[in-house]
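These are the structures in question, set out in turn.
Each of the next two complexes has chain A plus one other chain: chain B in the first, chain C in the second.
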Partner chain A sequence: MLGPALSSLGQAKHFEVCMTLDDFIVLVEAEFEEVEKGTLKADTVFVEMKEWCSLYALILMGLMSVEFDLELTGDDLIGIKTVSDLYAFADKRQGISRV
Partner chain B sequence: MNASLIDVDYYLPDIVRTNDQIAAQTQCGDAVSLYRASGVMTRRLAGPDEAPSDMALRAAKRLMTRQAKASNKIGALIFCSHIGDSRSPVTAALLHGRLELPETCLSLDVPGGCAGFTNALMLAKSIVVAGQAAYVLILTAEAASKTIPEDDHVLMSIFGDGAAAALVAKTKHSGIGDFCAGTDSAGARSLSVVGGGAREPLAFLPFGQLRMNGADLLRFALRRVPVLLNDVLLKNNLTPDDIDLFIFHQASGFILSALKRKCDIADDRFLVCLEDVGNTVSSTIPIAIARAVENGRIRPGMRLMLLGFGVGYAWSGSVITWTGETL
Partner chain C sequence: MNRVEGVRIRGITACVPTDVRSNETDPRILDTERAILIRTTGVRERRVAALGVTTVDLCEQAAKTLINDLSITSASIDLLVLVTQSADYLLPASAFVLQQRLGLPTHVLAFDISLGCSGYVYGLAVVSSMMKTLGLKRALLLAGDISLAHCNPKDKSTYPLFGDAGSATLLERDDATAAMHFSVLSDGANADAIQVSHGGMRNPVSKESLVPRSFGEGIMRSPMQLSLNGGKVFNFASMQVPLSLRKLIVEAAIPPESIDYLVLHQANNLISKTIEKRLSLPRARVPVSIDRFGNTSSASIPLTMASELAKELTNGSSTMLLSGFGVGLSCANALVTATAMDVVKLIEV
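Right, the complex of A and B next:
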């Protein structure tokens, strides 16, 4: 856990985030510049997106770290096929679906 | 005894490489996609016969023209580069001669990669505070282009060549804070220059071949840099609001953007100096400082946080107060 100094930069607020799957989809979609808004679904398979490229994998790794302080590895990504899978990954480690 | 970073200057070689040129040469991507991934539009390349020490010399001469009164009082020269003139003697000793520095001046090569400048700054401060020298000249010079295969569009788009010179001086007030530093050799293979030595000489890249695992580096940066930032603040009894400008190693646009978000730093307090120079390894931070001084973004009295991180993995950082002094 980071110390008090960084907390005042707003660090802490991100890692207490709870969100629904729908909110999570919006969050992920906002990271993909070329993807038309509203087209990403829970069952969208990442690698089947026409825009998918290696940069998108980095974008997902960055997103998980920035928003949830989670490390997403290449090995993790092999098992994460869909947006829903990614949500389950974040939920399992950070409990983001808790109410 | 106190020390301050009192002046910085830089040199960029003349050859410009554009994203269009990289896309055409490698048959990969296009200018826009290369920019999106790297944050770099153009970068400079050292000429075929231009050694990093040549670039360092030019940066040093620019700085020493302005700080002429210090030139015969420099007690230590620290040269930071991955490509020296030869295995021996150290390139700092050769630069010492070319700069006509005093015979009593210590000359050290300290190749530190992405954390090279902040490592050298820590060493320079230590030398001054210990009373061993009144002035220390730090020279960083990198030519990563000489270690990148001609078909690697990713590395070609990220890295650029360039050099910087920085002068650390004994001062009445302390202008350089306490440092935090560390190493994690688990990341040694994530960014490295392989071959080019006695074990594995390479005919096509005589200085070795740069290899990078971008995903590993991204995770390392996002894991380590926020902690380093926090550690530096705590060690110097500062809060984030005490920092006027955060200057990180300019790794790539993507990494910088992710770090800015994770550390929750506002745009106007986060320096990005990448678009027309690329990642110049140990030279990124001093080049960023020098350019920000040039364009007025850094002004005397401002407190800057400098964080270097990368190859090793290694990291170091501190805070400085910019004085903008001319001797």
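Right, the complex of A and C next:
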């Protein structure tokens, strides 16, 4: 009676989908609405962005939760300096770069 | 998971102060952070109680309006529960202050519940199950907070987020009403994520309690004021809450497509969007009130119903998934199928 819809309730949508670093950058940039499009690079250091404030950390936590079913903690973020580091974090836990 | 049969929500009122504070013009917010603060928190403006106005005052007005509009007598109320973390006194419980002010009978069962953002749904669970167990006919659930009393105006991590509000919900025994379903989460390991650390028995008030310290740019507070670890709260809400909601839907055997409204505690816009995306209910509307009232603690769910769903809830039957989460850390969820309520109203005082 409940149907297949229940099987996906509360689950992340895409964490079984492969994603290149370039696709990942586009995904992150889409969440950073105040940041000029095309300026985010793999080696961009988050805290050195002129727009950066602690609220961007929450945006990244939301992104990891929704897209990859991942909990990103404040302690994790201490070691994640760049977009590339964040991609590596998601890849290590969910294997998002696998082909 | 708990199931309570035969208890109906007959009416809801919410009460907010008339004083509006706008985050679009608040000079305490840095211009460089204003846009992202409003976008991520969702708080454009909020209501602030005048000095001396307490949660009891707001809840009293909400309750008097509800009792009057439902044309019931105060003497017919058997149970009074106040959910708040800004009670009038350390003791007695403020429910007794309200028993007198509302003219409730002396045989009324009255007590406070110390909870914040999860408190309304917790209160629904406690009140409905007590009504069923004790055979009580009519109950008043009051929920609200003067949250800004706990916040330092120089703390940008708390002060721009919160608003003040009170609410009243009247529940009645009605055997024809569909069952309510409840679930809760309690995570004391993260008790320090939202905390006022001084003023209780563990850290009694001292000189140190009143001295503000800096915790980074724009974050000043004393140990008597609210500290909020946004990351811990966010992860609890975005990871644990959707899973507990899913479990509740499965255990209640309610088809997800039958849920009309997902009414979330108005913590911040980013949390609401994350829960909504993770849950992906096929057709549920997710009403928002945080843009106009801020995070109003335990009042946020009834306030959202009163401000955003008054017409819908008085016109017909609605299946609502309610979720409150926050201080504790705690979470309480309810699946409620509400038949046309007699009163759903927002008032300003």
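Here is the rule we go by: the second predicted complex is superposed on the first by the 86 of 99 C-alpha atoms of A that agree within 3 Å, B and C clash if a C-alpha of one lies under 4 Å from a C-alpha of the other, contacts with A are read in each partner's own complex, and residues count from 1 in each chain.
In this text, a residue touches a chain if its C-beta (ideal position, glycine included) is under 8 Å from a C-beta of that chain, and two chains touch if they have at least 3 such contacts.
Everything numeric in this text was worked out from a predicted model, so none of it was measured.
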item	value
If touched residues of chain A are counted for chain B and for chain C, the larger one	C
Contacts of A:Glu51 with chain B and chain C, given as first, second, both or neither	second
Touching partner for A:Gly74 - first (chain B), second (chain C), both, neither	both
Contacts of A:Val66 with chain B and chain C, given as first, second, both or neither	both
Contacts of A:Gly38 with chain B and chain C, given as first, second, both or neither	neither
Touching both chain B and chain C, residues of chain A	2-3, 5-6, 8-11, 33, 53, 55, 57-58, 61-62, 65-66, 71-74
Touching residues on chain C, where the partner in the complex is chain A	32-33, 35-37, 39-41, 157, 229-232, 234-235, 238-239, 242-243, 245-246, 249-250, 253, 255-257, 270-271, 273-274, 277-282
Residues on chain A engaged by chain B in the complex (per definition of touch)	2-3, 5-6, 8-11, 14, 33, 53, 55, 57-58, 61-62, 65-66, 71-74
Chain B residues touching chain A - in the complex, by the definition given at the top	33, 36-37, 214-215, 218-219, 222-223, 226-227, 229-231, 233-234, 238-241, 254, 258, 261-265
Contact footprint of chain C on chain A as seen in their complex	1-3, 5-6, 8-13, 33-34, 51, 53-59, 61-62, 65-66, 71-74, 77
